[in-house]
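The same chain A turns up in both complexes below, where it pairs with chain B and then with chain C.
Let's turn to the complex of A and B:
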């Protein structure tokens, strides 16, 4: 469905991704794990076109995403929930959702469907996004992305700074999206928070995808997590 | 004349200054607010608007309103097209780097100024007002045109607020202003937004210039004062804040009008500069601006 073919990406002169490759299958949750600075966030940004790909290519079906300007990528059905949420804090909850709806010309019925997943946002539509609690902001960030009705969802550390009950809520949402057929790439530091919903895990090190394994493999090979992330299950 | 009517006259003059200033400053504020560019050439877009208004209106014989109306439509369009071209050819190539764009817009300032000197000449020239009605107060008569400038400015400011607050274009613009990268991730073409904002900013300055040119003559050096006053207004009001721009323009315009009439124009400028210094010390983000996170 989405395939990343040996891409190189740089921040100025610093190379962050080196021949990075990835294959996302339809309807799966693929978790990217790796230490800080391994290139996980850059990989998501490269898919979104926010970091220029200097070599290699990114394909969604037959469409070469890496050849498109950044604002065209979400119109192909790829939604992004950035690290730290990056909400438009000065805008209302309704306006943040409206920006998501505008991307692919979706209307009010889509917003209502999305809000069924996040009922807490219903009562806060006119509230400024920056005044929501951390958990509510994460819900809004996901809701805004889902307003695109995406086929592929990129989630960058969605559980960062959340309390356990909210982490469970995020996990439930990811599981629900998988049931609805949305393919997800999930970047996480908290291994325990995401493994229950992941289908496969890709280990990133020094800008390369070292290994992609089914999540079950982690149960038999505990050394994998130690080797690439430095923690146990 | 007694003090009361004299104060009323000074206040009316101040209102006209505030009306023109708020339009000019709004253009500068929009460009900085959305693009984070300090457009030093903004005053030259104002000057160009005035010079073009003269060039367009003067050859039209007959009713002066006809020439003025044509100037009001064509001059901002030409200035907007020039701004669009400079955005594409200069600012975009510099990737909107703040320091580089300051130097580039200083260059644009001199190019536009020298082009005006070459083709328009060093003389100051007036455009005839579209009408010469007078509003008769008990103590004095006052130009109906000047009051219509205030009305036109209020209408345009309201229109701008409506576009920013109530339309999809306004939402895209505000999203770009708050976080350009995330805006792109939601399909907003920020290059096009930047292009449009730079052109609209210049067009607002040109509209202000067309409005003022029947009151104040067009001259190739006339861009400097509006540029300095606009900077004063946007610093006091808060860069990127429409409400701040209006409030600061009214304060600066009114005080300029009243202090100039009762004391001296120099004192008005000294006080405005002092006010800017105080704002920079005690509230650097401006009265209505948001502190940088």
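Let's turn to the complex of A and C:
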């Protein structure tokens, strides 16, 4: 459903993505793994239009996302939860969700459905987002993205800085979204935290997608993770 | 508190403020009656300003150009073309709307300090234009609208805007409309997007909003409300001079809003009222009254960086819009 075709991206003169390619299938969780600086976050930003694509193209079905201005991309059903949550800290939890809802003209029923996934936010609707704990902020960032009712969800290191119980909660949420048919690209450093919910794994190195394999392959080829990420299973 | 309770409280508070202002005309001595009419017009200007500065986070140092657009739009058409006050008022609003959209297309290509400088420079250009075209504007001396020019008929009734009661109620209608427009905007989706832009423009764009368009709408609304205040000033007080296009009238609304509370609907009124009376009282004691007012403002902002109503909202009344 979402396909990235040989894109090149730069930060000023520094090339970060070099012919990067990727295909996300409907309803799957694709985990993007790689060392620091490999280009994982840039790949997500390029899909969202936040980094300009200088060559190649990104398609969602028949729509060329890379030809759209950044604010049009979420309206096509792609939601992004950036690294570090990036909430509107001074606004209430309810207002953060409202801003997500308004993007695609969704209403209260969608919010209620989303809050079923994150019951902890129910009691905190009037609280300022900046006063939530790290785990709650992550829940809110995901909830805000889900208020768009996206077909594709991009998650950038959702478990960063979270305690184990919260990591398990994030993992459960991703699994639940997969059951609901949301396709997800997941960028993570904590391989152990996400592999249980991933369908396939793409390894990125120096701005290129080196290999995309079913998650089961990691159990037969024990060297894969070590080769691209520098850790064992 | 449920959202419905909050809405009820907010509406009651704003209706209460408007009612209190209406009743004030029956109890205030003549001098304060006049001062309050002026304060309401300037508070309408500050209300327009806070939509851009307080809610959208865009610090303009050139808002006097919008006030002056309304002032001259109304003043010149009534003075030179013989238009009626309502027609002149419409011309003032139209001038403000056109100017704010034009300024928006230029100034909103910049952010932060650059935005401040661009708006200030454009306002200086408007100020210099008001001096350059002195043949029509009479520059600093200004044009004076006579009583006859400020009188019109509506539904068989004669309205003379130079009379204190008519002037007071016209100022009240202007302020009430500005306040209610501001309240409606900040509670509407546009208002939420404006606040989101103030918090972080990139994040807002990432969530699917055309931030340029939202900022342009905020600037157009802000500029048009400011122009409505300027047009009213010319018609109610019978004077349009280039002083109102000067940098001072770009700084004043910033001070009023900072003191009253940026991003509060009622803060502009509180700030305008407080500073007007601070100047009024201190100028009775010393010719260095602006120094005293400045010191008081610095202390107030240090004590309460979110302004008077902002502090009240932070500490006691979280539901205040």
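As a convention for this text, the second predicted complex is superposed on the first by the 233 of 233 C-alpha atoms of A that agree within 3 Å, B and C clash if a C-alpha of one lies under 4 Å from a C-alpha of the other, contacts with A are read in each partner's own complex, and residues count from 1 in each chain.
Here, a contact is a pair of C-beta atoms (placed from the backbone, for glycine too) under 8 Å apart; a residue touches a chain by one contact, two chains touch by 3 or more.
Because the structure is a prediction, the values reported are computed rather than measured.
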item: Fit or clash - chain C, chain B, common chain A; value: clash
item: Contacts of A:74 with chain B and chain C, given as first, second, both or neither; value: both
item: Partner chain in contact with A:48 - chain B first, chain C second, else both or neither; value: both
item: Partner chain(s) touched by A:126 [first = chain B, second = chain C, both, neither]; value: second
item: Chain B versus chain C as contact partner of A:104, first or second or both or neither; value: both
item: Chain B versus chain C as contact partner of A:1, first or second or both or neither; value: neither
item: Which of chain B and chain C A:86 touches, first, second, both or neither; value: both
item: Where chain A meets both chain C and chain B, residue numbers; value: 48, 50, 69-75, 80, 82, 86, 88-91, 95, 98-100, 102-104, 144, 148
item: Chain C to chain A touching residues, read off their complex; value: 1, 189, 192-193, 195-196, 199-200, 202-211, 318
item: Residue ranges of chain A in contact with chain B within the complex; value: 48-50, 69-75, 80, 82, 86, 88-91, 95, 98-100, 102-104, 144, 148
item: Complex contacts: residues of chain B adjacent to chain A; value: 168, 171-172, 174-175, 178-179, 181-191, 290
item: Complex interface listing, chain A residues touching chain C; value: 48, 50, 69-75, 80, 82, 86-91, 95, 98-100, 102-104, 126, 144, 148
